[in-house]
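Got a structure for you, questions after.
Which chain is which? They are A, B, C and D, in the order written, and residues in each are numbered from 1.
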Amino acid sequence: MGKNNKLLEFIANSIPYGTLIQGFQYPELTVPSGKLHDAAGALKNFKEQPFDYLVSLTAVDHLEKFTMVYHLESTPTHTMIVLKADLANRDKTRIDTVSDLWVAAEFHEREVFDLFGIHFNNHPDMRRLFLEDDYGYPLRKDFKDDVNIIEYSN
Amino acid sequence: MILLDIYSFSTLTSSIDKSLNDAMAPWMATLTEFVLLGLVFLIFYALLGLFLVYLERKVCAVIQNRIGPNRVGKWGMFQTIADLIKLLMKELITIKNADKFLFNLAPFVVIIASFMAMAALPFAKGLQAIDLNIGIFYVIAVSSLGVVGILIAGWSSNSKYSLIGAMRSGAQIISYELSVGLALLAIVIFSGSMQLSTIVESQADGWWIFKGHIPAVFAFVLYLITATAEINRGPFDLAEAESELTAGFHTEYSGIKFAFFFLAEYMNMFIVAAIAATLFLGGWMPLHIGGWEGFNQIMDYIPSIIWFFGKTFVIIYIIMWFKWTFPRLRIDQLLNLEWKYLLPLNLINTVIISFVVLMGLYFK
Amino acid sequence: MNSVVRYINDIYKGVVSLWTGMRVTGKYFISPGEIVTEQYPENLATLKMEDRFKGEVIMPHDENNQHQCTGCGICEMNCPNGSIEIITKRVPNENGKMVRAIDKHIYHLAMCTFCELCIKTCPSNAITWGQDFEHAVFDRTRLTKVLNKPGSSLKKKEVKS
Amino acid sequence: MSEEAVKKIILKEDEDYIVNMGPQHPSTHGVLRMEVCLNGETVKYMIPHIGYIHRGMEKMAESNTYKQIIHLTDRMDYLSAHINNEAVCLAVENALGVEVPERVQYIRAILDELTRIASHHLWWSAFGMDLGALTTFFYGMRDREKILAIFEESFGSRLLHSFNTPGGLMHDVHPDFRKHTLEFVKYFRKKLPDYKNLLTDNVIFHNRTIGIGVMDKEMAVNYGVTGPSGRGSGFSCDIRKTAPYGIYDKVEFNEILYSEGDSFARYKVRMDEMEESLNILEQLVENMPEEGGFTAKMKPVVKLPEGEYFQRVEAARGEFAVFIVSKGEKYPYRIKFRSPNFSNLFVLSQLAIGGIIADLVAITGSLDLVIPDIDR
């Protein structure tokens, strides 16, 4: 993957609050959670390489923080970028939705809400996708369900 | 012509009639004949229905590179009987909030409609329950009564799928009734009669599909298509449409009530095939070609009942062939097909046939 | 006029396409040699499963009722579903020392997902695939099997010379 | 879905005629429930309800080693089981920097294409049946059987074969593998005209699919609809082309693209893809090296170095991606499966609006959904 100078330049100019590092495969852009929507919008509307295809949206529970991970692809050039935002608060985790930019995010966000308990501001339909309303958030690392999950180690 | 009389059933039927009339009062005799006829038809109806179900399963199996039923009896011959016993023993599920009276009435309406149409069919020479002078008219009128049963079934089931299926069926049959009538009208124009026995007699020197050449073939094809739609079979099985409405109007029926619908569907197929065979393919009349006396005599050796059932089953096979080949139409396309294609073509064909008959352009 | 031509053309094309479809099914109707149905219970005598067929996990025993399982528990550890349980016991070997040996190699067929990790990782090739596939039973407990036969023992390793 | 639509869900109008298609319904191919609001037969809105067979695979995978995860991925999109396996294997191999032998890459690609054809066979069968052409089901299954026989011969199982493992394959393929694959290619080329005559050219089928469920390119990209469904809208999303993995950069093939975006375009993409897969198979089988082993040297316990790894592959229904977060242990810290059907499903509620029930069935069939892949 060659150096994508235009992209680097663009990010340096329009997303100055983000920190860009070259990850294992793709460039990874970390932004503060409050600015996530701005950064995502800027990437989506980048004229030369619009990142219009949201490949994957997920969260990772690092115990001390949640990390939202967005994999974006620019369909004309097939370049990938990873957008990340850290969320510190465990109880009332909130972040802006990106479903107004990519409709696909609507359901991925519902899944993340269902499994991690991360609320998305301005989401049109913030309901649980798979589970009951009173079920816990199973993909959190501190999730315990003594009734349904038999833990075994091998 | 003399040979034909060997296989005639009229001697048998008239002798039964005579002996009954000798033994009891005339009204008693008539009543006994009614009962006897009813019993004969019931048994015939049930057996034929079971056989048709078996036939369909075998035909579709071979088309689909399968063997089909082969466990119960030789070649699975008794499979449908086993199925019938199973259906008889199944629970009749009562539907909550269903209109009980109509719910139970619907299967009977459907089955009676198809049962009544059997009365006018000439099965063989001299084997016809009642030879009405408006035979075709009667058959068309009675066989379309079945849709009332379907509508009742869909309405009374208190199920949304059933209701949609019934409504589709209503729209479908009302539309296709026209084309069926017009296609049959072709032969009425040719033969100048609505009496089924007269129509069959008129084909002694050649079937109407040959004598009437192009317009008759055209009418035959149109009749096959519309008749398939009339009896709710694929590709026109929108009332059932199992991939959309699970089972359509009979979703909520179980056990023997479902079996009634099932049987009626197959018997309707038999009836439309029999009508097609009678009107277009000469009914029980053997294959006669004007002028070929030797050939005609050989053909006469084959009993008329075999001719009738042979022709009927060929048409039944064609209808099955349709079902197992084509995808289902959509309801609006179905109505489009009728009102934009089949009905205009039928009307044009009727005009052409009138012209052909007036000018005497058909083979006499 | 144009629309009339199109109308007739539509009908013609439609009928032709329907007829080509009917020819396909008609072709198969008159060629019963194409039937592919396998008549399962009848063809049992001739039915030969592939050598690699994954029917169930079995432990081959030789004629002396000896197997190769040392009871190391690696298969139990590798199974993702916990469908293998190893129960070991202590038996004296020829020198009189108590060593670990397999008591019961319990295999829960009902839980098995046939991922082959147990067989792949077994260091002594004690277990392998069996070709039996008729696993339908009326009672779930019958799907729990003990793979080592009663009274069986560990096969002596032949000393390489 | 707009906000009004959501409000409508909560405040259902009394006169709405709501029909539940599913969880047990012949056309949903699994336990998907579609809450369909009808006006006559016209669909006013459609809401999919999922989660009936959610198994928590991502949670399960957190307590499984990388080798054990493979058999879980089988059970997501069971029709492209092999391709799903490959995604995890490639991710692990890339993370460790393991070079797998070229022969393994060839075999994997052959199996990918066979899996793809088998999957499209089943889709063709079921799609025909959705539209009421019941015979297609048996013809499709008959030909799929040939592929499953090849699978059974080499892997011992027909559907979920867990044949990939990080570093290579479980076994070497059967000695007859090459011969039987070529035989299949020949056989299937002979049967393809039947498919064309029976369904592709049929006028009723055209009426049922052309112009039904039109999805333009922007919509496909926005919803993340990938695979044949996306390519039917002109969205160039074939991972084999855009981000080649394995041996695919050495194979010559075309990415099938149609721009109409209706159900028929999606149908055509899959039909053409089957033919293209046959071409790929011929190239691969011809060039497959006989020697070279079937696995790279791997440690018995696979531990990924700390980091995040993302691997995309082209499954039969679209882009399958696996995202692994490792903390240097033998278990993944977090694993996320980006399944194609999850994204493909939700465009359905948009496409269904304005059509009638029969169209809904046709669109569902043309999107080719596998429900366990949605629920994971």
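The working rule: a residue touches a chain if its C-beta (ideal position, glycine included) is under 8 Å from a C-beta of that chain, and two chains touch if they have at least 3 such contacts.
Not measured: the values here are computed from a predicted model.
Counting C-beta pairs in contact, the pair that comes out ahead of the other among B-D and B-C is B-D. In this assembly, the chain whose C-alpha centre lies farthest from subunit C is B.
Between the CA-based centres of subunit B and subunit D the separation comes to 46 Å, rounded to the whole angstrom.
Each chain gets a centre from the mean of its Cα atoms; for subunit A and subunit C, those two points are 41 Å apart. Averaging Cα coordinates per chain places subunit B and subunit C 51 Å apart. Centroids built from CA atoms put subunit B at 64 Å from subunit A.
Contact with two or more other chains is made by residues 63-66, 324-326 of subunit B.
Subunit C has residues 18, 21, 24-25, 36, 78, 80 in contact with two or more other chains.
Residue positions of subunit A touching 2 or more other chains, listed in rising order: 152.
Contact residues on subunit D toward subunit A in their complex (touch as defined above): 1-3, 6, 50-51, 54, 56, 58-59, 63, 94-95, 221-224, 235-237, 242-243, 307-310, 312, 319, 321, 323, 325, 333-334, 336, 338, 342-343, 345-346, 375. Of all residues in subunit B, those touching subunit D in their complex are 60, 63-66, 160-161, 164, 168, 234-235, 237, 241-246, 323-333. By the touch criterion stated above, subunit C contacts subunit D in their complex at residues 13-14, 17-18, 20-21, 23-25, 36, 50, 52-54, 78, 80, 113-117, 120-121, 129. Residues of subunit C touching subunit B in their complex: 11, 18, 21-22, 24-26, 28-29, 32, 34-37, 39.
On the subunit D side of its complex with subunit B, the touching residues are 17-19, 25-27, 38, 41, 128-135, 137-139, 142, 198-199, 202, 204-205, 207-208, 356-359, 361.
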